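Heads up, there are several structures right after this.
The two complexes that follow have chain A in common; it is paired with chain B in the first and with chain C in the second.
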Partner chain A sequence: MATTTTKSVGPDDIAIRRRRKPATPYILLIPAVAALLIGLGYPVYWQVVTSLQEYGLLQQFGAPPVFVGLDNFARVFTDSEVWFVVAKSVAFCLVNAALTVGIGLGLAVLMRAVHSWVRITMQITLLLAWATPLVAAVTVFRWLFDYRTGVVNWLLVQVGADGMGGYNWLGQAWTFFLVASFVVIWMSVPFVAMSIYAGLTQVSEEVLEAARIDGAGPRQILWQIIMPLVRPVIAIVLLLQIIWDLRVFAQIRLLQDAGAPISETNLLGNYIYQLGMGQQSFGGAAAVSLFVLVLTMVLSGPYVRYLMKEDAA
Partner chain B sequence: MRRTRTIVAAASTITLALTLAACGSDGDPTDSEANGSAEVEPADITLWLNGSDTNEDLRTYLIDTFAAENEGSTLSIEEQDWSDVVPKLTTALPDAANTPDVVEIGNTQAATFTYAGAFREISPELYEELGGDNLLPSFVEAGAVDDKKFALPYYFGSRYMFYRADIWEEAGIEVPTTLEEFGDAVAELRTDDRSGFALGGQDWRNGISWVFANGGELAVKEGDQWVSTLSDPNTVAGLEQWQGVYESASNLPPTHTDEAYWDYFNDPEEGGEPEAATIMAPSWARWSIGDLVENDEGDMVRDGMVDDSTYDIFALPGVDGGVAPVFAGGSNLAVSAQSQHPELAENLLRIIYSEEYQTMLAEVGLGPANTEHTSVMATDKFGETAVAAAEASQLTPAAPGWAAVEGASVYEELFQKIAEGGDVTEIAAEYDEKITPMLNGQAG
Partner chain C sequence: MSAVLTDTATVTPPGRVLLRRQRVRPGKVLLSVLGLVLALVWVFPVYWMMLSAVTPDAILGSVTPSFLPWNFTLSNLESVLTDSGFLNALGMSLMVTGLTIVLVLAFAFFAALAISRWRFRGRKSFILTVLFIQMLPAEGLFIAQYQMMSSLGLLNQVIGISALYVAMLIPFTVWMLRGFVAGVPIELEEAAMVDGLSRPRAFLRITFPLLAPGLIASGVYAFLQAWNEFTTALVILPAESAQTLPIWLRSFLSASANRGINWAEVMAASTLIAVPVIVFFLFVQGRMTSGLVSGAVKG
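Let's look at the complex of A and B:
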């Protein structure tokens, strides 16, 4: 800004600087804040209001909603089914997020180590998996695990597991979640691998050379030098994975359509949809949704704090 | 590290986006229909039809006739998918600015929306004009509150049995005349590679036929409250009989729902034996069954069971012979309560319930709403069987919360548990407790 004034150090200069509070940054903030308020503030406001009302199909068609205080929350959270769904969702989310980031990290390190043509092949393969539309990917997995005509059962029978002929993978909750995990991990590993690989390429050659001169072995370089340097990237993708895996919906729903025990395989997203759109209990669905919001903040809180600290540093 | 901050911001955005947008609509609920003027303003009205059952010819007829009879006005038909009719109607109907004027709704969903006040009342005069007591009574009841009519029948389809005459004959088994004989026959036809009767465990829409046949009820209205009556001895007897048929005749897993059974029933395209000797399906399934032939467009299609020494049909027999009461599929029609052009919407109803359109429905095999025209259908064995099955058919309870029971897949789960070999009396008691509050609209 006023470069000439910085030469002298008088009380007048300070006054000038105070007066010249630039408005531009604030003006530039308006669109973002407005978008947040309209796009998120209003739905969240409605969510809170609805969760405190008895709001069903009658209210949707014009009957005045009745304020019921915390009734919806009381009803929902004394229901053991809700807690069962919450436990399943949290376990599903943590296991899948951890596996996804673990596998993605492994692939990223591998990509750094291999010849460039192998790496390019890997990258193209990962991008193709990443680019597959969700519905198509789930459909492919449904076919793979089909009890009658699926390749998986056929292969298992070929290697001698005769009992697996006609095995219905989606028929029991735990094998259902196994298949669901395959889909979820398969679809999200490319993003993690690519992000971490991008992080790895930022590790400067000088640092590695210095480590080598100091006598560090490849293993030490990986764990003592590279990993701490890409830790922020790993933290971010892990955070994103936790959030994404907690809100899985379509994968579960599409697999359920193939024939599965529905209430046993519902995760939070599916449960809310069933409560709200299936049973038209919008009040109850809003209450569970707000709980999911809090749950997401609790699960991702430590990471956000950690990232803020990194950011400030 | 600006990148980090952006991603944190993105992350918190996603966190917030997790919450389902509440489907609130504070649209003005006041009546916009009290418009007594005789002159109807020309406008464009919208009809929502579900799936492709109403074919192109029928649609063209409606559009052309409507335009001819209502000068200056036009009709747009929009096709909706059956699988998300309930969410679509829930969000569109209360919105006066965007509501379709006339909607088709599944017969089992009609009661819920009728009770919620989604539809405009069909006046007694109009009801008489459109067919009155000739309209299919069980469907009219599904769309009525006490004496007031809101949703009228559109068409019905009925379910009957498709069987492989070649396989049955080879095994020396005759077409059964009672429900018990049917169970024995399909059990005998079952092998490791072939279902005698292909039936998914969650397929309650076919399964409830056994309940109805044994004189059972799913729910009854006591006073002003609906009560689930799965524990009723007749209902339990029906469920147990169904359990026996499933266990002894079907190779399909208990988690399978009503699906494309004809995939098991047709000769496989890659050769080999069919995987089912018998299936139960709505009458229109015929067009997915038969030998592969090439149609005019050069596509390979099923010929609709031309070869009757291989593919044939019969109506599910009753407990003491005759025809069993099966579940009546089909749909209702209603005018949206928020429609801005109710007079034009009612004019459209007049066209739909005209003799000409009802006859056209019957001719393409859709059971017409006006029972006077069912005779048009009964010209071949398909039509005769469809009409016989439809006359004996029953509907699911017309309770305000029935759509919620369907929406939460409660019956799928109930039948799955029975198919898995559970104790029917215990399961029935457990689900009665669960379903009764839902039926009265106290969904949790």
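Let's look at the complex of A and C:
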């Protein structure tokens, strides 16, 4: 008798307490919100304010900043150099994202078709590439493409391209971006390949069996059955890749150290760095930074919506 | 890693494997060869880094590269490990990473608890904000962060950079932990309370141990991010004495370039920075893939 009463009171009691204590979740959120406000909130606020101000060297030394309205934006976005940088960044981003997803998809499909020990070998090598820290990866590619003793030039000479002996890949813009693309693609393909492959393994065997019984060949099964089923995964990784390939400051900066022409090889992040840290033009740098932030937010919209849907589910 | 591999094993029914084994298909053999070649291409940079790390620099500079460790030596690794700059940067990286992990896990855990155990006003907007914030690139923020840390006198300080890393990592960590917390049914905790435990004790004794794997995975993720971070550290830690390992590696390479790059030592340094990351990474890889794209093919 006694036990039954406690049991029936127990859950109710909890429910009431939870209703009476709406403050708890807010208290739990305080540390995270405070950290986000300090680390990201204030910088974004500073950026908005500074982008509307004349804020340069003088202000660094204590002169009060002057409110100039949208002057920084007007100056920055009528500058043809800025648009050239934006165009280069967008082109670099789109080309690499497309190639990365294309190669990743190819590898994922290939992994389905090969012997299982070959697939495990492929997975392990992809994981190793994925795990390599960015700085180490870029450094290795500098060594691979080193014009004096790099193994790439040596290989090219071996296969008959004698002109490539001592070729300085990082010395001029277009081969510089070629090497940068190699690094970016090499590092990002594993995530894409593994994600799509994981998606492929989710396609149920019954569906494939049914298609086979209905007389579908392997090619039809791939394009008519499997591809439509994994299209959501492909869309998500493509979107993530586009967002990530816009932020290649570190890769470009590290490759530029090899003596590349800086202004020709700058992408958006590097341009902001040069504007802010190099020329101390903080107003202009803040304006371009805001542009990058807004661009990223717009691109992230579909991804965030997708994650929210998952939260609701 | 394990997640992906086991998926494969469970999804392929044994019957199909047997059927395929019975007849040798030339198409499959060709594709397997192609797969092996691609695997070789993909692993080559990692192999080349590690091979160069154990090869004398004089050999690396010779006309014909050697593709196997015929001239194995540990002297490159030794000279990096005794380099005062490396040790200093290692100390700095350990402090920054340690502080970041502790704070991120604590803060993100509370937040994850709040959003998965309570439905409250503002919950949706908090999640939405967090998801957008997680996408913000360091490139769009580092000038402002530099100004802020500089006016606070926190440039080149462990506290300063860690505060930025904590803010950078909280969103993804909250998102990852939310899944783990939601996976532990509240009924378990309530059952323990019915059996006489107080709410805090029920949480500590029942729920918390079940969350340990999630906390470990999130901690490893935070470690990887903080250990590898380059862009923000370059701006916030300009002093040589405050360099973390990635920044130190860059200046080590530049310093080496002044007297003809010693690729053997540079690769030894890269290897030493990469190996802990690779080891930890293999532990959490499955979680990270599913955290980013899980559910896309369900149903």
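Rule of thumb we're sticking to: the second predicted complex is superposed on the first by the 246 of 313 C-alpha atoms of A that agree within 3 Å, B and C clash if a C-alpha of one lies under 4 Å from a C-alpha of the other, contacts with A are read in each partner's own complex, and residues count from 1 in each chain.
Here is the rule we go by: contacts are C-beta pairs under 8 Å (C-beta built on N, C-alpha and C of every residue); 3 or more make two chains touch, one makes a residue touch a chain.
Computed from a predicted model, the values in this text were never measured in an experiment.
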item: Which of chain B and chain C A:L178 touches, first, second, both or neither; value: neither
item: Contacts of A:L239 with chain B and chain C, given as first, second, both or neither; value: first
item: Touched partner set for A:L58, first chain B, second chain C, both or neither; value: first
item: Chain B versus chain C as contact partner of A:A210, first or second or both or neither; value: neither
item: First, second, both or neither for A:S263, with chain B first and chain C second; value: first
item: Partner touching more residues of chain A, whether chain B or chain C; value: C
item: Partner chain(s) touched by A:G276 [first = chain B, second = chain C, both, neither]; value: both
item: Touched partner set for A:R75, first chain B, second chain C, both or neither; value: first
item: Partner chain in contact with A:A161 - chain B first, chain C second, else both or neither; value: neither
item: Which superposed partner A:V298 touches (first chain B, second chain C, both, neither); value: neither
item: Interface residues of chain A shared between complexes with chain B and chain C; value: 36, 40, 43-44, 46-47, 50, 232, 236, 240, 243, 246-247, 272-273, 276-277, 282, 285-286, 289-290, 292-293, 296-297, 300, 304, 307-308, 310-311
item: Chain A-touching residues of chain B, taken from the complex the two chains share; value: 1, 4-5, 7-8, 11-25, 27, 29, 86-87, 90, 93-94, 112-113, 115-118, 200, 202, 253-257, 259, 337, 403-404, 406-409, 412-413, 416, 438, 441, 443-444
item: Interfacial residue positions of chain A with respect to chain B in the complex; value: 36, 40, 43-44, 46-47, 49-50, 55-58, 60-63, 75-76, 79, 147, 168, 170-171, 232, 236, 239-240, 243-244, 246-247, 259-263, 272-282, 284-286, 289-290, 292-293, 296-297, 300, 304, 307-308, 310-311
item: Complex contact set, residues of chain A against chain C; value: 6-7, 10-11, 14, 18, 22, 24-26, 28-29, 31-33, 35-36, 38-40, 42-44, 46-47, 50, 107, 110-111, 113-116, 118-137, 139-144, 146, 148-149, 151, 154, 186, 189-191, 194-195, 197-199, 201-203, 205, 229-230, 232-233, 236-237, 240, 243, 246-247, 249-250, 253-254, 257, 268-269, 272-273, 276-277, 282, 285-286, 289-290, 292-293, 296-297, 299-300, 303-304, 306-308, 310-311, 313
item: Of all residues in chain C, those that touch chain A in their complex; value: 1, 4-5, 7-8, 11-13, 16-17, 27-28, 31-32, 34-36, 38-40, 42-43, 45-46, 48-49, 52, 60-62, 64-65, 103, 106-108, 110-111, 113-115, 117-118, 120, 122-124, 126-128, 130-133, 135-148, 163-164, 166-168, 170-171, 174-175, 178, 190, 193-194, 227-228, 230-231, 234-235, 245-246, 249-250, 253-254, 257, 261, 263, 266-267, 270-271, 273-274, 277-278, 281-282, 285, 289-290, 292-298
